[in-house]
Amino acid sequence: MPWLSTLMGVSVLGALGVTLVRNDKLAKQFTLVVSLIVLALTVAMAVQFSPNGDKFQFAETYDWIPQFGVHYGVAVDGIALVLILLSAILVPIVVLASWHDAEAGKRSVRTYFSLLLVLEAMMIGVFAATDVFLFYVFFEAMLIPMYFMIGSYGGAQRSYAAVKFLLYSLFGGLLMLVAVIALYTIAGKGTFMFSDLVGTIQDVTTQKWLFLGFFIAFAIKAPLWPFHTWLPDAAAQAPAGAAVLLVGVLDKVGTYGMLRFCLELFPDAAKFFTPLVITLSVIGIVYGAIVAIGQTDMKRLIAYTSVSHFGFIAMGVFAMTTSAGSGATLYMVNHGFSTGALFLIAGFLIYRRGSQFIADYGGVQKVAPILAGTFLVAGLSSLSLPGLSTFVSEFMVLTGTYQRYVVPAVIATVGVILAAIYILWMYQRTMNGPTAESVKSLPDLNAREKWVVAPLVALLLVFGFYPKPLLDVINPAVKDTLSSVSVTDPKPAVPVAQEGQ
Amino acid sequence: MNNPGPTLSDFGHDPLWISIIKAIAIFVFLMLGVLMGVWTERKLISRMQHRYGPNRAGKFGLLQTVADGLKMGLKEDIMPRTVDKVIYFLAPVIIAVPAFLAFSVVPFGPMVWMFGHKTPLQLTDLPVAVLLVLATASIGVYGIVLAGWGSRSPYAILGGLRSSAQVVSYEIAMGLSFVAVFLQAGTLSTSEIVAKQASGGTWDIFGLSIPAPSWYVVSLIPSFLIYAITMLGETNRVPFDLPEGEGELVGGFHTEYASSLKFAMFMLAEYVNVFTVSAMAITLFFGGWRAPWPISLWDGANTGWWPMLWFFIKLVIAFGFFVWVRASLPRVRYDQLMAFGWKVLIPVNLAWILLAATFKALRMPEADRAIILTIGAVVIIGAFAIWLRFDTVNQRRREAKAAAIEEEFEQLREEPVAGGFPVPPLDAPHYHGVVPAARLNSDAAKEVTSGSN
Amino acid sequence: MELYVPIVVLAVLAAGFAVFSVSIAPFTGPKRWNRAKLDAYECGIEPTPQPVGGGRFPLKYMITAMLFIVFDIEIIFLYPWAVAFDKLGVFGLVEMVLFIVTVLVAYAYVWRRRGLDWD
Amino acid sequence: MNGTIQAPSIEYALLAPLLVVFGAAIVGVLVEAFAPRYLRSAIHLPLTLLSLAGAFALAVWQAIKGVPTKPAAMGAVAVDGPALFIWGTILILAFVSVLLIKDEEHFVGSAAAVPGSAEEEQSLVERAAHTEVYPLLLFAVGGMLLFPAANDLLVAFVALEVMSLPLYLLCGLARRRRLLSQEAAVKYFLLGAFSSAFFLYGTALLYGYAGSVDLAKINQALGSVGGQDTLLYIGAAMLGVGLLFKIGAAPFQAWKPDVYQGSPTPITALMASGTLVAAFGALLRVFWVGLGGLDWDWRPVFYGVAILTMVVGAILAITQTDIKRMLAYSSIAHGGFLLIGVIATGHTQAENTSALSGLLFYLVAYGFTTVGAFAVVTMVRDAGGEAWHLSRWAGLGKRSPLLAGTFAFFLLAFAGIPLTSGFFGKYAVFQAAVANGATPLVIIGVVASAIAAFFYVRVIVLMFFSDPAADGPSVVLPSRGTAAVVGIAALATVVLGVYPQPVLDLAHTAAQSLFVR
Amino acid sequence: MTTHYLVLSALLFAIGGVGVLVRRNAIVVFMCVELMLNACNLAFVTFARQNGNLDGQLIAFFVMIVAAAEVVIGLAIIVTIFRTRRSASVDDVSLLKY
């Protein structure tokens, strides 16, 4: 069964279907159903994935544009699988969470959910693409629905944020386009299939240039310091649901791209640039954390925490140890859940009070204990409290990096401490203390919102104690990737699976 | 038959002094020709009108023109204040010079001995001689336009525009009427065209060989008729002398050239142009200097200096034709003149050219007759169809217009204000356009009334 | 080239005469100043004040000039064709029919749209 | 002077598409002359559309029958692969534009009437329109067909003029904003004539150099004639000026915004698509068939021109507040991208084929999108006609989401977002350029695209993310023609963006035969 | 010998070109363009002489036609705008600005 095409097809058909539904309420329900179907299908597919089988499974390859050597090629390995899974899980949650988002601005509800489903299809596509060109197409095309979601449904500064987001990404994407073209031309294979292109570029100088072309695009997308400036704007202005998908999934395409394309296609260049990337990552970790502390706007704060987290992921990717690589991949998934939860709960809070500013809150804990409690869990996952899933991944990244790069690993650890400051301080300012006048009448989470938060918290807890299923899937893929970069771990990897337990 | 005369290759060998002599001869011939021409015209026309004409100065008034010329030279040279001086000065020159130039390619006779040189009786010849004639005619138009323009007076401008519009309109028909001649002659060189008219070949019909007429006026009669009309229009002669329509435009383009030698230049140019078009008619249609039929039986008729006489006689007859027309025909209205030129002469001419070409193609040995006949049929039928169509359309239009006018009169008769008389509204603006607000108040930009057009 | 020399000679002669006549004119005649005499002639009425550039004239003249250009160009093509007709043969005839028909189409358009009417 | 002149052989079958278009134009003139006023439009429209469709069918038939290897009409017209492809493109684009023109609301009733005068008002009241538009358009299209197929410089010059002269007139025929329209016509005319004089002088000099205006012979002469390099270089430069002007490449781009803005929008659509296609076809032919041996000399110049064009187009577009001007600058920028394709042509067959096919594809893609965009512009109207000022477009997305969405889609295609035709167009050209070693140019192109994306996106922002003005423009109910145009253009943009392979194949096949010499 | 003609032609072309760029009156600009076309004609004819074939002269015919067509269309456009604005200065033609 063409699993991946089916997933995308269902999403796209769903999107079309939503536009045809005349009733807003029906449209929402329809969207939810479609996204749940996709989730079910994805889970079904994931179950059939054999971790120790072929590297790429569920492969489908058709010629798309033979003249350019472009194929419609999709397949998943462990890394892609977990990221697809992440997307599929987050979408229904976001649908549920955004139930009333679109209505606020008196804008078309159907369009919003339609865009959401289109975005889902593209997210699946971008992770599944095994053809570099196809990847690029999804990579760029993905911007458009997100652009409209931010621009049409976002906050006061939405159009500025949307344009900034689009132009940054587009610029990076266009540079990548040059690199893609150059890759194709220099490889001279007449095909864009990833598997055919791996190892074709031997010349190191060429590799460096092409690497830069890809890397800058991914770094902007990720976002890595200093390419991150669009993220706080976009994330702060986007509606909560869109922000979740943006930070939780879309940005992962950047780090995923680094892992998949930068490393495998240009191993020598990757090694050459590793110090630079690690440095940027470390700066990002510390910078993101420090700036986050200073934020007065909740969503911006969460956005900056993400900058910090993405620093960890990038560091993990480029540390080029199995442990760090697996950790980074796991981090991508966990970060999706944890940031998703943070954004959504913050979103609920903002929806109730109508303000994004931390200063407008205080003592919410007393009026809305469940909200505060889940917010605390999500926050703690963000600062990687042991027992929550993010801890596992962060720990793996740090140990993995430490094996090779001691100093950066040590400095990065500072980020963990800073994380504690920004999260707890924010929590303290909003949830603790005397109840602010304006939040006195805030209702607690309603049933729908509980259904939104519950799976996320559950997942954070489950994977915090038992990440093995994910790691089983991820590890072989990461090993495979690293072996194609011809890197071996400096010393036998710590049996990380047990670390987290 | 014998001695077809000089061809192009006979030209270009004269030493410079021979050329100068010939040029002076032509110049003198033309100056004298104008003197005599004016006299002839006045004399002839008065005879036709039962008058005596000039008869005081000299025998038969022969010196009348000389006296007139002298008078002109001695009159005050008025240069009105309004004129553009440079153009005003140049216009008579520009109009006069090309008039003379056209005569440089007119063949007067065959090869003769001149001061020990064998040379043709023609100043020069070019492969594109007829084009030169047309070109000089075109340059003459500049003289007319500039004279009108430089005078800066409404009459002169309108007169200048009118005559140039007329001249260019008739120039097209004139140019087209030459085409059939070139088609027959296969050359644009005047001397060769004359040579081609030496013999017309024979047509073999029913075993009889009938000598074809050698003059193109016979075989190309439509072309000649058109040419005859256009030469009147081209030279602004009666019945097409509208530029000088005294009733409407005073003197036309030379209104401001009231007297003196500047005016003389215009007059001179007009007469020289008449000679030119007559000479071209003779050259292209009447066998040039060749003797007409009874005389041509004499072997010596087409040799030596004799042909100059034949040419001169033909020229006088042609000039007589101009005078005759002037005496007989009234002046046409301007719209009739333009309509005649554009709507009759040009289409008829084009159709005739195609027909002539079709005839010629039919006589080609290897030609595919079916195609040619088809083309001929198409041309004829097409011409008729268009003519019929236009004719009915025009008829309908005329009737409609007459009805409209009738209706208007009816209406006016009933209107008490106009007193049953068609009175134009007094507040009619000159321009139907909008005057920009800025211009409304400034006197500087006050426009000339457009007058009649 | 020699073919053109005589024309130049005649041109010089004619131009010399014309220029001489025109330039001598102011000196041969008397000079009697009169204000009215120096005005533009308009049948005795006060002359129309002239705008710079000579004023405006009806568009009809311009249309005639344009038509002239078009047809003059047509003639330019007819002449070589006529001269070389013998050598071109039937092909030339066919082409010229096509050419003239095309021109006639434009001509018919102008005619029907009153481009040739003066009233 | 002896013997008969050999009658030239003319392959009428090969030239049939041209002849059909010109023939229909002449019939159109006759219709103007003889049909009564109320019937004219009813006769013209089917005549024009049928002739364009017929010409297209003939072109297709020829392409199927096989592309000739020798230029037709005594070497004057080369009906080769690229020419046929370009013909097809132009014919379709013209067909689409005619559907737009059909809405005679765009054209003035009496061009000779002074704006604001009684005649003008009367013609407005009568809703009269110049039906001469149709024959003029056909003549222009005929010129467009001939221009890229012209195999000698004389034919190219004549075609250039046949193409341009009707367009000069058409530019001045807008019903609304007459002054602007007339001004556009004057500017276009004066500058166009100026540039064609350059083209002509270049032709003269090359004729002096090579002794022939035949492109192939000029190319031969490049190797054999020596010592007259001045003639050659100046001549080639002047030809280049003339051609680049028609493309609107910087520094000869100044006319484009003015003309695009002032012209009636359907005409702008035709110019932006058809003229550009034709001019690029001619540019390629002249510089590859005629001056191919000189490419080391002209390539750097084109390099500079391409960069300048892209940058000027992209940057100046940002400052525009008028939708038509913005699209004009966008057209300039796209001209720059297309020039990259011209530079990407190389010496090997494969390089040439890929560059040429990329270019051809880009032309098709851009042509459709731009016609569609201008069609949308015709539908957004104010009291005084089309609403051009960008501020009037604010909030259109709320008032008319479908239209605004379509327009946004076209804009994204201009910006080259994947899954639109514009992306593959750019990709094809860029890829060819990289393959030919012009990577720096591609990088500049990419940067220019990013800058260009900014102003496209800005319009989208305005339409969708801004609140509509209270007295904003209304979106007229499109006539069937206009709706069809927008539909066709959108469809083409989608199909070429998602499944471009058939057209790419076609372009590839067309490019394979390269230019006949 | 023919060089002189070429120089003349180049001069005429340059005069026309400069005229187009510096003159403000639309009709004068237009005349300058025509001058440029005629300079081209001169060059063509000269080169025809120099190259010993007739192509150049033939081309001159076509150029003449094109020039004529250009005259007709150009004058029509310029006169239309002149009637509207009472001015033929290209400086007044300034509704369309950068």
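A, B, C, D and E label the chains in the order they appear, each numbered from 1.
In this text, contacts are C-beta pairs under 8 Å (C-beta built on N, C-alpha and C of every residue); 3 or more make two chains touch, one makes a residue touch a chain.
The shown structure was predicted, so the numbers you read here are calculated from the model rather than taken from an experiment.
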Going by the contact rule set out at the top, which chains touch both chain A and chain C?
-> D
Can you tell me how the remaining chains group up by touch if chain D is left out?
-> A | B, C, E
Set of chains adjacent to chain A and to chain D | none
Quick one: point me to the chain whose Cα centre is farthest from that of chain C.
-> A
Count the C-beta pairs in contact for every pair of chains, then give the pair with the highest total.
-> B-C
Central subunit by CA centre of mass proxy | D
Going by the average position of its CA atoms, which chain sits the greatest distance from chain D?
-> B
Quick one: report the Å distance separating chain B from chain D, using the average Cα coordinate of each chain.
-> 48
Chain centre separation (chain A, chain E; CA means) in Å | 65
Please compute the C-alpha centroid of chain B, do the same for chain E, then give the distance between them in whole Å.
-> 31
Using mean C-alpha positions as chain centres, tell me how far chain B is from chain C in Å, no decimals.
-> 12
Which residue numbers or ranges of chain E touch two or more of the other chains?
-> 69, 76, 83-85
Among the residues of chain C, pick out those that touch two or more other chains and give their numbers.
-> 72, 84, 86, 89, 108, 111
Considering chain A alone, which of its residues make contact with at least two other chains?
-> none
Can you list the chain D residues touching chain A in their complex?
-> 357, 397, 401, 412, 415-419, 423-424, 427-428, 430-431, 434-435, 439, 442-443, 446-447, 449-450, 453-454, 457-458, 460-461, 464-466, 499-501, 504-505, 508
What does chain C use to touch chain B in their complex?
-> 2-7, 9-11, 13-15, 17-19, 21-22, 24-26, 28-32, 37-43, 47-51, 54-58, 60-61, 64-65, 67-68, 71-72, 75, 78-79, 82-86, 89-90, 93-94, 96-97, 100-101, 103-104, 107-108, 111, 116-119
Show which residues of chain C lie in contact with chain D when the two form their complex.
-> 84, 86-89, 91-92, 102, 105-106, 108-109, 111-113
Chain C partner contacts - residues on chain B that touch it in the complex = 11-14, 16, 19-20, 22-24, 26-27, 73-83, 89, 92-93, 96-97, 99-101, 103-104, 123-126, 131-132, 149, 151-158, 161, 165, 168-169, 171-172, 175-176, 178-180, 182-183, 186-188, 250, 255-256, 258-262, 264-265, 334-335, 338-339, 342-343, 346-347, 350, 353-354, 357-358, 360-361, 364, 366-368, 371-372, 375, 378-379, 382, 386, 390, 444-450, 453
In their shared complex, at which residues does chain E touch chain D?
-> 6, 9, 13, 16-17, 20, 26, 29-30, 33, 36-37, 39-40, 43-44, 46-47, 50-53, 55-56, 59, 62-63, 66, 69-70, 73-74, 76-78, 80-81, 83-85, 90, 93-96, 98
